[in-house]
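In the two assemblies presented below, chain A is common to both, partnered first by chain B and then by chain C.
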Partner chain A sequence: MDLDTVKERAGPREFGPADEMPREYREAATRMIQFHANSEIMGAYIERPFIRQAPSLDRKLAVSAQVQDEVGHGQLLYRAAEELGIKTREEMLDELASGEGKFLNCFHYPLDDWYELPMIMFFVDGAAMRRQATLKRTSWEPYAHAIDKICFEEGFHIKHGEDILRTIATGSRRDRQRLQEAFEKWWPRILQFFGPTDDDSTHGGFAMDVGLKTMSNDDLRNAFLNAYVPKAEKYGLELPEYPRVEYHEDDDYYEVYEEDLDWDEFFTVAKNEHPTGAGQIDKRRRTQAAVEWVRDAIESPDSTGISPAAADD
Partner chain B sequence: MKWEVFRQEKKKDYHTHVGSVHAPDAEMAKQYAQIMHARRKPANSLWVVPKEEIAEVHADDAGVEMGGTTQKEYRWATNYNTNESFAEEIEASQREQEQAEEDLAEADR
Partner chain C sequence: MTLEGPDDLSDRERAAVEAELRCLGDDEFVTAERYTEWQVRGPTLEADIAVANIAQDELGHARLWYDLLEAFGHDQVDLIWERDPADFRHATLAERPYETGDWADPVLRGYLYDTYERLRVEALSESAYAPIADRVEKVLGEEEYHREHAHNWLERLCEDADGRRRVQAALDRLFPHALTLFARTDREEAVVDTGVRPVPLSELRREWRNVVTPFLGSLGLEVPVADHEALLPAARGRDGDHTDAWESLYNEFTFTYEQLGRDSAPALMPEPGEADADV
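Moving on to the complex of A and B:
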């Protein structure tokens, strides 16, 4: 299929493995889905310490379920990306471990304490959910199928995140103060979640033209702010003075003053060169190396001389 | 040789299992699948898969727990009584989970 035909036919779930897609399409889709898959894995690494740090058994069970879901989402997405024939799952996992693979800006910053957890679990996951819901209409059908299952599970994540947020927000004055501090630290990163304005977006235009993306970053950011700013206010969180976010009632539009945001840091993060992000990638690399023997045993069960046993035997 | 048949009714639907056919090879299996499973009912695409290539794990198998047979309320959106109606995508996810819970209850009966 040539590129003009792709653009002409582009629509929800329009193309699949049976279609001969041009290289430009397959590369753009691989880039997008690999980024998404990497982000699921690195998101799991951000939340994982809170399985241990959870303040109650209920929270511990729910956080571990979320981490498990996210690793599963990563696997679904790597499979959807693999179907494009550009990279294998192993190549994508190796790229993530080597620092070559890219992922969401917010997952380059480890969380310092429990008060910061709802910043990821409610606001960042909420932003991701807003974006993912639009991808049910992506043109690469295997991607849409992965998204169907992701969206089914993600509602629990965000509601659990909101439940944690509410618990802290209705706690002591000290709790509310620490929540506000966490919010101010994370708010600029959350505003940058959808990237810079469309003018600066390198790949957005093509991805829209071939139906991989169905909504621009600007529209997504605005839709997110429309739903989540009132939520922040509901829980007593005050938007910091800077970066400025101004609501224009007539157009139902949130204007984000981009010049108030640190784009140098954003692009350093995007290149995997921010120190905290490099630390997160190191964690992933060490884990991948540490379980190398598991993958070897699965690939060639006879070579180890031991038979696999269930953990609870 | 037996082949299991999966039919996709309309473009963009998921393929679902509809039955099986006897055939000596894939070409014949596709022919029979068309006649058996796509002659009257609408079909956009058919998959035929050698039956022996399909491996199954069953809910009744020893040591198998699938589809929420253990008590895990914490895994469901419905367990958290925050208001889901502020964002349609959260609401949609919750409705899907409610449906899944109903299906599970139904299967238990």
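Moving on to the complex of A and C:
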């Protein structure tokens, strides 16, 4: 299929492994899905300490299940990306460990304590949900299929995140104060989740043209703010003075003052060069290297020849 | 004679039931706590997901045994969150730390533990205390998958020379701690006499060694043959005496509870499946 035909036919779940897609499409789709899969893994990675630190059995079970779901989402997405025939799952996982693979800005910052957990489990997951919901209509069918399951499970995660937020927000004065501090620390990162406004990202336009993306970053950010600014207020959180966020009632539109946000940091993060993010990648690389012997053992010639992926099927 | 609930128990029977439940609950809780360390650190994404499943099953079992203790006036706070670490009765096998990347450890530990758990819980199907006997089936149903998982992994690792070497190292290290699973509490005599668990630990240990020794031997591993008394580590767990690893683990899992100044550990009301995705 040539590119013009792709653009002409582009629509929800229009293309799948049976179609001969041009290389540009397959590369763009791989980039997008790989980024998403990497983000699931690195999101799971920053949440995992809170399985141990959860303050009740039920919370512990819920956080463990949530981390497990994220890894499952990664698994589904890498599979959807593999079907494009550009990279194997192993290659993508290797790229993540080596620091070549990219992932969401918010997952470059480890969480200090339980007060910060709802910043990820409620706000960031809420932002991700906004984006993901629009991807049910992406043109690469295996991606849309993975998104169906992801959105279903993510709905429970956000409920759980909101429950954690509610518990802290209705706690002691000190709890509320710590929560507000966590919010002020995370809020600028959350605003940057959707990238800079008037997004002139190199890949955005093409992805829209071929139906991989169905909504612009600006529209997504606005939808998120419309939904989540009232939710933050509901839990007694105050938007910090900076970065300024202005609501234009007539157009029902939120304006974020871009100059109030640290874009140098954002682009350093995006290149995997921000120290905390580099630290996360490095930890992931080391833990993966430490279990390399297992993959070698089960792939060695004197082994049964079962592929590692089949180990727990 | 069947004991239907807490009101039917003499003081001696009650102490026996409590002692048995604490061993069961604490083993499950601490074992699960360690398993979760493998989440997002396993050798494959599939291994990650499987180990998380198993950890959650064991946490579920811990909750199920602790729930029975609540009938005696306990709650989660005094059973876990504000309990003196020296009052925990789990075997030292459960608390031992993992070396980074040593996947042979959780696989072997899981095999040793799950084989033990099956035998002990099967013995409890004949328990004179009905609430315990009633829960056996649910636990055994889930344990089957755990043993299958451990079997498959052990077989696959041991087919490779390096893999087998690592499993052997884990076996040498863990076997003495596994024997503490069968260490007696000071209530063992009452537990058996009253029929709370009609089979004594010494018999369960004999059965256990009759299962694990030939199976591990068939994988080319050398299983310690000495008498258990000669092999047992200094700390036995069941008497409240634990290895150094326990205190740091305890401090980690109670960290947030302490930080938030909590005094309760409420159950979460909305079950997944009932929540509507309002996002």
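Going forward, the second predicted complex is superposed on the first by the 293 of 313 C-alpha atoms of A that agree within 3 Å, B and C clash if a C-alpha of one lies under 4 Å from a C-alpha of the other, contacts with A are read in each partner's own complex, and residues count from 1 in each chain.
Rule of thumb we're sticking to: a residue touches a chain if its C-beta (ideal position, glycine included) is under 8 Å from a C-beta of that chain, and two chains touch if they have at least 3 such contacts.
Note that the coordinates shown come from a computational prediction; the quantities given were computed from them, not determined experimentally.
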Which of chain B and chain C A:Lys231 touches, first, second, both or neither: first
Touched chain A residues, chain B compared with chain C: C
Touching partner for A:Phe152 - first (chain B), second (chain C), both, neither: both
Touched partner set for A:Asp163, first chain B, second chain C, both or neither: both
First (chain B), second (chain C), both or neither touched by A:Met129: both
Partner chain in contact with A:Asp4 - chain B first, chain C second, else both or neither: neither
First, second, both or neither for A:Asp58, with chain B first and chain C second: both
Partner chain(s) touched by A:Ser300 [first = chain B, second = chain C, both, neither]: second
Contacts of A:Asp264 with chain B and chain C, given as first, second, both or neither: neither
Which of chain B and chain C A:Gln75 touches, first, second, both or neither: second
Residues of chain A at both interfaces, chain B in one complex, chain C in the other: 58, 61-62, 65, 126, 129-130, 133, 151-152, 154-156, 158-160, 163, 227, 310
Residue ranges of chain A in contact with chain B within the complex: 12-14, 18, 58, 61-62, 65, 126, 129-130, 132-133, 141, 145, 151-156, 158-160, 162-163, 166, 227-228, 230-231, 310
Touching residues (chain side chain C, partner chain A) in the complex: 33, 36-37, 39-50, 52-53, 55-56, 59-60, 62-63, 66, 76, 80-81, 100-103, 149, 152-153, 156-157, 159-163, 166, 252-253, 255-257, 259-262, 265-268, 270, 272, 275-279
List of chain A residues in touch with chain C within their complex: 41, 44-45, 48, 50-62, 64-65, 67-68, 71-72, 74-75, 78, 113-114, 126, 129-130, 133, 151-152, 154-156, 158-160, 163, 168, 171-172, 174-175, 227, 286-287, 289-298, 300, 302-304, 306, 308-313
Residue ranges of chain B in contact with chain A within the complex: 11-12, 14, 45, 63, 72, 74-77, 79-80, 82, 84, 86-90, 92-94, 96-97, 100
